[in-house]
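Next, two complexes with subunit A in common: one pairs it with subunit B, the other with subunit C.
Take a look at the complex of A and B:
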């Protein structure tokens, strides 16, 4: 029996397990707060609304359309996953890349301009998105390492600058009758990412492309890069103590710049696989930065800053964001899911404290048990 | 020209208020990146109060109630940061980001719910407050004097006095530089940090109100405050965490922000034929350049961003 107990304790002490538990707690409390807000706004439909958010594509009773909308959710989730990877990669090196939103915007601008404006095939456009977004991330990294500019503030400034620039650039490929860019399907068919039969699985949802697979591969790649390579180890060491890393002969300035470039590249690739699937066009003249990047921050922290955890967290966040569009719009607005996500990020701040508390509790319990065992031995 | 001065002053007022808010919070040792969200919530509190007061009330009452409402909403919002950062030792950058998202989401959800309940077809996130807003403005010839310009100036002077000439200010400084030392001489670090965060909430909320009443008489809350909270942080760094320098920095940034509103009134700027987007980008570009020059030797409070742990040496 004693053996069983120690086994149980060891699971509870496992860091991954604790992270999972605390993430689930964050989600539950987030839902609870969302429900309370819905109750305050209008108690009549609150239950249905929260169910609609949880169900998302299951809202459709026919399996065919449910599968189709699952596909759409997956496409959006794959872009979100790339943003989450971008955030967590920078975070491992001790940088808070809030510029993921701007890098995403630049990725969108570059991929659409290359595909629609220059008529390039998809792989060139995707590469352009990656390169330009990496360059933008690199600027923040350069300013941080050589001029000590706080990366959060420089990133925010670059976010707005890139939004205005991309609006200006994409106005050259605008449809004449709408505020959107020309749709890829008519302007340049080669610009669309190939489906490779994936669309057949999701009831012929033509937006499901290799992008979904690419994003998961990227997550695994980031996981290996960070945990299994010398380069990843150097980056993490730089994040933990810049001065110690320098002392050990690592090029800490170069490491910061490279990190921000990789981080930007990941975000740019996210934008590329999203916009090159043809699922949405860019709205020219939009005055706010797309929420995808900021949601990436939520997904990264909810996934416990682990690339594999980010896969599940991104899907979940996209699931409830899409679910928000099914609430009864005569009573509520779709932003209720943004509210829940914001609360979930806020609660993620408490995870560290929660773990500390749990470990303290476990220590105390073990001590008590040890004392009991000793007493028992004496008697 | 007069219009340019007017806009420069009003935008500078916003930046002074919010940057001073950031200054108080950072001097106590808490980084407040959530100023943007606090501004939105403060603006929401003020706008709702103006909406419900309507046109009838006397100007003094309107000013008092609206300012009070936005200050209180700002403080309430900042407490979310305060409790988590001070008592639960949470990551302050993450909390600030959460606060920014939360501010925007709460404002949109609430405003839409109110609009929907009044009119089933009204799905916008806009609040109109034209009548009540006129209480803040006095016309002197062509120049629109706004009471907030005076309030911002008074707050600036007060902040200087509080931070440099009072016991409270000195203690606040100590908590941001070396909290352990402050604690050892009997200063309650937690209390001082709460005070710093709450002052930043009050000033941030007020700044949000000033921002949405600057020149317009309705506000679409989906737009938030367009990065002004972060511009204010840039102003604070440019001002090296000192109130008077912050005042000057805010004037400079306010000028560039005002240019984008009124550049069409200047013949030589029009003759340059730059697209209007350039003027929109200008404040952000200038702040980036300024940061490059001042960040190298910046003297931020030493203990900012580090949760205070009594057991630590």
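Take a look at the complex of A and C:
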């Protein structure tokens, strides 16, 4: 009996387990609040709307369509995953890379300009996205380590600089009749990421490319880099205690710059695999930064800042984001899906709060149990 | 002053003597207090009875349960068993405000003062008298001056805290308690930051307060102070109550044995040193201060030879920290030169210094010494993880070798922890954290070992162990540079003593030639000699 108890407690205290149940709890509360808001706005359609968000591609009754839209969700989720990896990687060194959005923008700009404007093959374009985004991240890292400029401030400012620069750059490859860049499929077929037969699995959804696989590989790569290598050891030491890192002679300044560069590279690669799949074109003159990067922050935290956790968290967030488009627009205004998702994502930030709460509860329970055991013993 | 204090003590003893005849005249009583936390019993049936007008010492090693007991008295925790009585009446203290209302006050080890406020502002903070929303500072000042005169607590009410001495800051803290009419005054390790002269003054003040009928609870691990000031002493060990003794009937040895549970040698045994070649040579080093414009370290020159322990004595905050930062490379030096084994290391990167013969036991083990969220094994290889034995040529860590190495050190240096090498450093006791650092630094086989406050906050057993290790390093022909704020440690370990005051070396002594009082005068800056570099 007693043994069983301690065993149960030890699972509850397991970090990964705690993160998982905390994440699930956050999601549930997010849905609940979303549902209540829907009820307030229009009680009639609330049930359907929340179901539509949860169902996403299952909205289609035919398996062919469902598979096709699952593919689309996966493509978007893979870009989101890259952004989440970018955020969590920087976080391991104690940096908050809110510049992931700007790095994503630069990645988009570089990949599209290289593919459409310069007619480069996909691998060169993808590499360009990675390099330019890494350079952008490096700027914030450099400012942080040598001039102690807060990375959040410099990142936010660079986000806007990147957006307008990319708008300017991509206006050279604009379609004449629309505000979008020229579609890759007609402008440069070599610029598209290869499908390697993956499109066949998803009912000929041609946007499903090796990008999806690459993003999962990147997650595993990040996981290994952080846990198994000397470099990861240094980064974690710097992140957890930069004074100790300096004391034992690690080059903490250099580490900060490299981290921000890798973080930027991950975000840039995310943009690359998204835009080079041909699923979307860049809209010239857009005045808001694509939400992908910011959602990456939510995905990273929902995944418990763990690369493997981020895979599931990214998929989930993309799932409900795509699901939001199926909400009945005759009953709710068009922004409703974004609002719902905002609720859920906002709640995702509470994962660590719930973990803390759970630990406190466990401590109290242990204390009580110990007290009871004592009383029993004394009696 | 001292004579006055002796008179007061005499008076005090007389009062106590009278009081002793009336049983149960206790100001505060904690009877059979038990407090359990998951996995440990912090307080196990502890009884502490403080008489009115006495100085009652509470003695115990780190982790003996002193803090928990005081937290219960202050209402931070509720006891699982036992009761608290004030003046014979049972009371329940639910939070610190209630403790305050009952007249219980405390001077914390680290003062809780607002640095940029005046002494007066700090004293009235939280207990301000107002009229129509306006502060009545005049009245407050009058009361403070009255108290200050009555108890011999000299302060300047209008001085700003950051400009006054540590001693005056402490008197401000005491006045804070008196201003609130507290009857039971708790002093938590009050002498840690004071010079010997200031300690004497404090003892006199405490006796004065006791003579005026205040009850004083004096938490400490310094036996000499108990012998000097306290009337009675209660001893805790590992959460258990060992006993209460009349100080006049006991000896330091007996108290120490009660505290540790075995006989501990209070004096470090060591042979006379046999100094060899110079291993560390510092010439005219200056280090800029991180705060003000003045240099924190001014033109310091010193040498450390193989086979000797050179000790820098001084009061905390006189440039020792910055001096060591300069030596280890944590801060750049402004001018001067550092030679290690004849090589100029003034501008050498930290990693290079550490791999070419320097070991550094840092002052703050939580800030510099450990990555608290790393496992013990990861902390043990913190200085060597990059060596080929721990990292392969592709940059992957060799986890098995790290585990093996950690296990060897854990065994050799008797580092105790819950889950061995996988324990998080945060979950280890202070003594074992320090042992891990010492194991790591000594096992590097350094030429020069720099140790800053290596025994801070550790219990007697651990202190004894660490002192032995330092002497062993010296005997193995290493140079040891020790920075310590504890005079006992300085006198016990040093082969040569340098006194640092306001960033300068103001005296050099052999331990046999100088008394603690003499050293105190140099530490406080009231005496100095010309100390040049030895060529």
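Operating definition for what follows: the second predicted complex is superposed on the first by the 347 of 379 C-alpha atoms of A that agree within 3 Å, B and C clash if a C-alpha of one lies under 4 Å from a C-alpha of the other, contacts with A are read in each partner's own complex, and residues count from 1 in each chain.
One rule holds in what follows: a contact is a pair of C-beta atoms (placed from the backbone, for glycine too) under 8 Å apart; a residue touches a chain by one contact, two chains touch by 3 or more.
Because the structure is a prediction, the values reported are computed rather than measured.
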| item | value |
| --- | --- |
| First (subunit B), second (subunit C), both or neither touched by A:148 | first |
| Touching partner for A:236 - first (subunit B), second (subunit C), both, neither | second |
| First (subunit B), second (subunit C), both or neither touched by A:135 | neither |
| Touching partner for A:247 - first (subunit B), second (subunit C), both, neither | second |
| Touched partner set for A:228, first subunit B, second subunit C, both or neither | second |
| More subunit A residues in contact - subunit B or subunit C | B |
| Subunit B versus subunit C as contact partner of A:210, first or second or both or neither | neither |
| Touch list for subunit C against partner subunit A, complex | 36-38, 80, 328, 330, 349-355, 360, 362, 367-374, 378, 382-383, 385-386, 391, 395-397, 399 |
| Residue ranges of subunit B touching subunit A (in the complex, touch as defined) | 33, 80, 84, 88-91, 93-95, 97-99, 101-102, 104-106, 108-109, 112-113, 116-117, 120, 123, 125, 222-224, 226-227, 230, 233-234, 237, 275, 277, 280-281, 284-285, 287-288, 291-292, 295-296, 298 |
| Complex contact set, residues of subunit A against subunit B | 37, 41-42, 96, 98, 143, 147-150, 152-154, 156-161, 164-165, 167-168, 287-288, 294, 297-298, 301, 329-333, 335-336, 338-339, 341-343, 345-346, 348-350, 352-353 |
| Subunit C-touching residues of subunit A, taken from the complex the two chains share | 228-231, 233, 236-237, 240-241, 243-251, 363, 366-367, 370-371, 374 |
